[in-house]
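These notes open a run of structures that come right after.
Shared chain: subunit A. Partners: subunit B in the first complex, subunit C in the second.
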Partner chain A sequence: MTANIDARADESATERQDAGRREVFQYAIRRFGVYLFTLWAAITVAFFIFRLVPGDPMNILLGNLTRAEGRQRDAAAEEAIIAHYREIFGMDDPLPLQYVNYLRKAVLGGLDLGPSFVEYPAQTKDLVFRRMPWTLGIFTTSVFLAWLIGTGLGALIGWMQRHGLSQLAVILSTLLQITPQYLVALGLIIYAGYTLRILPAGGPYARHLQPEWSWEFISSLIQHAILPMLSNMIVIGAGFTLGMRALMISVLGEDYLTFARAKGLSPFTVLKDYAFRNALIPQVTGLAIIIGATLNGTFIIEILFQYPGLGTLFVQAMGLRDFNTMQAIVLFSIFAVLTLTLIVDLALPLLDPRIRRVA
Partner chain B sequence: MYFSKRGLMAIVLVVALLSMLSMAVAQDEELVFGDLPRSETFIVASQAPHNDVWDSFNYYQAPTYNNATGYANVIVEPSFITSHDFHAWLAQSWEYNEDGTEMTLVITEGANWNDGMPLTMDDWLFTLQYNQENADKGIAWSSFLRDVTWSAEGNEITFMLPEPNWRFHYNFTGIGTFTPVPKHVWEGQDPTTFKNPDAIHSGPYRLVSSNADTRTTIWERRDDYWDPDRMPAPKYMVWLKRPEADVAVFEWEEGNYDLGRMPNSVMIRMMSANPHIKPLVHQDPCPRGLIFNTTIPPLDDNLFRRALGLLLNRQAVANLANVPGYVTPVLWPNLGDPDETYYDAAAAEEFQVTTFDPEAAAALLDEAGYPLVDGARVDKNGEPISLDALYIDIGNPGWTVWAWLLSEQAQLVGIEINPRLLDIPTFLTQGPNGEFDIIFRWFCGNLPGDPIALFEGLHSDHALPIGERSGGVPGRYSNPEMDAIIEQLRTHNPASEEAQALFRQAYRLWAEEAPYVTLYGENEGVVFNTEYWTGLEVGQAWVHWTPAARQIIDFLEPANR
Partner chain C sequence: MSGSALLEIRGLSAGLQGRRSITQVVSGVNLDVHGGEILGVVGESGCGKSTLAAAIMRLLVLPQVLQSGTMTMRLEDGKTVELMELPDNELRHLRWRHLSYIPQGSMNSLNPVLRVERQMTDTLIQHGLSKKEALDRSIAALELVNLDTKVLQSYPHELSGGMRQRVIIASAVSMRPALIVADELTTALDVVTQRQILQELAAIRDELGATIILITHDMGVVAQIADRVAVMYAGKIAELGTVNDIFEDPQHPYARGLIGSIPRESGQRVEGLQGEAPSPWNYPTGCRFHPRCPEVFERCNQHTPTLQQRAMDRWVACHLYDAETEFDG
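Let's turn to the complex of A and B:
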């Protein structure tokens, strides 16, 4: 009899587990569907919005050509050149057809996003793939480092909320959080780069070097990345610090913390296993949100530090009204942000069993 | 040979001292970009356009290539350099036959490419053929060879032209014009995709490296340059794209660049911080002016357009420019003193082409039928006149000041003119498309002894419907009388008396009709650091984004530090 009850209980537990797995799987599928839809919508909006911006890339091309020709202009020759480029860039087709061709080539043509003006005749895809690691390198590293440091620091100053140093940290973090990233970057360039001369103030590595697996190159790469990353980290980290502090303070009043203390657990254990862990979940969600919100800030930093990433490329493409490159950057940026957000979203159930159950 | 202990110690000491001394001497030599001696390196901080090509040295991709690498400036050498006058370079001279149907070009003998191979007549003939054969690929400098044949003898190429053309030599004398390419490099290559990775051309430098990440190109002087008299002093040239002006200013203050452009607003600060920094002011060959959209009332009325011309205070624009001598009023469409060979002084006076006279403007408006009603000028339909004046801001004060001064003066006579700032791509689109009332513009075409380009753009061929890009003066001006003059000018020898009389007629018609009006001539400010190099001075005409820079580097001399 007891064995039957146990067997039924086991069966029921297995069924619950299977149902739970199914629900998590369905959640992941739903989430992935939203991801794909958002990606398509972003590509579509980007395609049409960039074409609504006044300014024809062919006129800018003509401006370059006129400058190259200087005083002697040949209108017929210019027309022939423009016609040639219009054909290459598919600009003679009606807009809806351009859109269909763009989607077709992007999806079925092995991510063929057309040629670029910025680095003609380079393909836009190659251009973006070459620049993307620079952006993702400083962006993801600085955001995750800012998150780690901000979360740790925020937990600590939340835990020690009445301490004088904690209050000072709050004031400092508030000031840094509202400071525009470009101001922080300029400040670092001026003081760290030119006044104190402790770190290089621009470029991805020393101008005379070529990428190679040598200590000279790698150390130069690291040195050149410090200031741009710091510019990002200072502002973003301050935001994370304040967020985590607020979460900690809200958790501190919970009954389970009082119970944990009453059990005689050490303050560090209470902080680590009870307060910090419970405050962490919204902070992880915050990371997903901040990833989307701060990529544009990284673009500005790239320009100031002459970092050859997507931000610099976007400004160049905008100046030439290079639709293909602008679209590709938006596409890849959204892809990167959505993917990172998706990973964080899918990781949440792993961090918090309650989310698994809700799912 | 035996040394005592003391002797050995003395030798070791001397060797150690000598090593330390040599190290100290070596350390005195400042090195840049790895191991380049600063005193032998000339660094150009370029403010290139948005094109960002650092691994292709393809001269045929003129509309899309990057001119920040220095390739187009000092490595590609033209047939002639046009700077104040024509300077022989890869070609020596040209000559026409009696009726202008043939032109003979004498090429320079003894030139070579920067890979050491000789530059021969074969290269010239190959390039002519190559350009003609690839004309359908949208490459530059090919269309002028349409229906043209040629033959070569000795060091002369004779071009047989399909019709009289006294201006065929412009295809060899302009800023960026036909120049031969090495046959052994380009043969069998596609001109639209070939990258010419070793940057082979006839200039005095060889490519060391070019890096798209750091936007830096390093060149080293070659000892086998074909013209020893024009061997430049810098052993190394580094061309790089400078950071944003806010950051670049620190590089200049520290003396890290030798030549480049910076906004005028930071020049004074830079000069105070680094006494070696000098501004070099050079006259831009293209005077500035305003174009009126002649299809829109009341701008379709030449009297109204002339009245607007009278409201332009050219001297005030010059005075408000923040660098003295930066902007000077233009007395006729060309820069410099009016040349009466081509210029009708009586017409200039009669139609007051550069006069600032608001009272005369008001009288002209009254006479033309634009009365002042309740403080506002009204058009022929009785509606108050309101116009937009489009401009861009690239940091030069003259480009913006005019719009506000014109608006202020127009308001005093009852006309509303709204200055509208556009970003450059929009400006470059709306202008040629004719989508404007009044627009700021530059007028290039002042070739020595031939001002046809100042009128050519007024031919009605360019008066396309609004919204379609026009290659001429985009105000959609159309006048059969002007067309007839331009068509005659196209076939006449500009040096002939007939042509000169036609130029004066065109000038009179332009002054009376005012399809566009002149504003000022502008001097281009360039920053030069004299700490390591000297020799560049005000008055040496040049524009550093063009092959004229090839001529300029010959002026450089090491500074006595």
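Let's turn to the complex of A and C:
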């Protein structure tokens, strides 16, 4: 009888571990498939949405030109110019064909997303690549910092949920979390930037400097990044804090926590290996969600801080109905968000041995 | 009661903290646990058994609160400790070395993100063993419950319910504690596994000389392996005695009802308890069993019966025996 139980236990344990590895692999493949599909769907939606925005880019462009030069409009010349541009931008083709061409060039043509209006004849791709580091720099750094701080703080106040300081922290975080990001940004600009004058509140670096590997430039870069990053971090970090606190409190009610305390483990081990490790898993998923949900907030912050990132570029492109550029920005944003999310999701099985169950 | 008990519980009360007041769940429990015995604590679901177990372990968490009482435990070296007054860090060192707990809901008592090995040895290492000793002890403990050492490399979700329960038991006995409190050890398991695990538990008692408080709602489990039984109703001990005495001649009407409710294999009609056990918010006055008692009489709804000794090792809390007990002195 005993031998029987043993044999069965051995077999099922090894089998289950093998099956486990297989399933994690399948999970990764599946997750990558989802990634590619979402990317395609996003490109498609972005393509059609921007072509449905009212206002013909050509008319707006010409209107701007004539106004700028103060000349009379010459109908024949305009016709010719418009025809020329429409050809360059491939706008005379029927919409489905435009779509297919767009996809073909984007995928096979080495990310050829067409020329831009805002800085014609600069390629949209180059424009976006030039601006993207600013956005991603601010965005990823602030989200990850906010996540680290929020996760640590939330774990602590969840662990000491009945402590007076924890309750104070909850009230503060709740207030910060419901504050719109742009209000925080404006508050920081006015207070830290203009009233106290402790930090610069506009532009990517001091005006008199040129980008170079010098300490002066880098320190100016960092100083200029602090306030925009803080604007992003305060609201997002408060959300992460509250999220982690709730996760901690729910984990503290689990049976395995009672058992951990019953075993006589030190409180620190209980906190670290039993409570925190388990609360961390959904908190990482939360990071993936927040990455997707907060990039647009960063765009607004860029505009408020005159930061030369994608958000600022987007506003310029919007003014001209430059859908090539708008579309490229949206595309790169989606690409960045989906890729970051993919990385986070693929990291999950490292944290959670049960991942295949929830996937 | 004798002074030789391993654990002496006196006047133990615990309750649930509400907004304004505490609702008592366990009321003034007195209990002696003798060295080497398996003491069954039995009663319907909701009558406060788990609260009592957690109170003994000092593991109540809000809203559960300890209210009063003493719990004196005798250690191997003859010294006694008062569990109620022990500071947390000293209590921590007592745990697993002297006092182990197998909680209700053992299915979820293992940490889902750590391998079994880590969960068994981290405890032993913190109790002062070397890594090697910790691993050896864990392996020896797994053998006691007929598990192969391969489970050490598994995560909890890779194990069946019975295997998980065995890992918990192995962990609980790995430091050879004097006292083990096991709450609903076999409730979530199939009948065959239940029987095997109970046998393993009895073997562990024999081999380690451990004392076990076995909490269950199942009279059948008690009949299988307990030496003595405490029948609990609505947070109080109704009757206490040896398994033989109580099954042959239950004296408290609730104990009779419980025994009458055990399903018979012959398929006889079950004459058992009517109604449901009250929740702590509606414990009746007087004898808490009186609304359901087939033998209720005038005294019962006004006066609270106390646990009285009726014979060697036989205690009953019921007004039916008031006069006799008084005459016996």
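In this section, the second predicted complex is superposed on the first by the 331 of 359 C-alpha atoms of A that agree within 3 Å, B and C clash if a C-alpha of one lies under 4 Å from a C-alpha of the other, contacts with A are read in each partner's own complex, and residues count from 1 in each chain.
As a convention for this text, a contact is a pair of C-beta atoms (placed from the backbone, for glycine too) under 8 Å apart; a residue touches a chain by one contact, two chains touch by 3 or more.
The structure displayed is predicted, hence computed values, not measured ones.
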item: Touching partner for A:52 - first (subunit B), second (subunit C), both, neither; value: neither
item: More subunit A residues in contact - subunit B or subunit C; value: B
item: Which of subunit B and subunit C A:263 touches, first, second, both or neither; value: second
item: Touching partner for A:277 - first (subunit B), second (subunit C), both, neither; value: second
item: Residues of subunit A touching subunit C in the complex; value: 1-2, 5-6, 9-10, 12-14, 16-17, 20, 162, 254-256, 258-266, 269, 273-274, 277-278, 281, 351-354, 357
item: Residues of subunit B touching subunit A in the complex; value: 33-36, 49-53, 61-64, 72, 82, 135-144, 170-171, 173-177, 192-193, 209, 211-216, 218, 238, 240-241, 243-244, 246-247, 250, 254, 285, 423-426, 428-433, 444-447, 453, 462, 469, 471-472, 545-546
item: Contacting residues of subunit C [partner subunit A, same complex]; value: 54, 57, 59, 61-62, 91-97, 100-101, 103, 105-114, 118, 122-123, 126-127, 146-148, 150-151, 153-155, 157-160, 163, 168, 171, 196
item: Residues of subunit A touching subunit B in the complex; value: 54-85, 88, 117-122, 130, 134, 186, 189-190, 193-194, 201-211, 303-306, 308, 313, 315-321
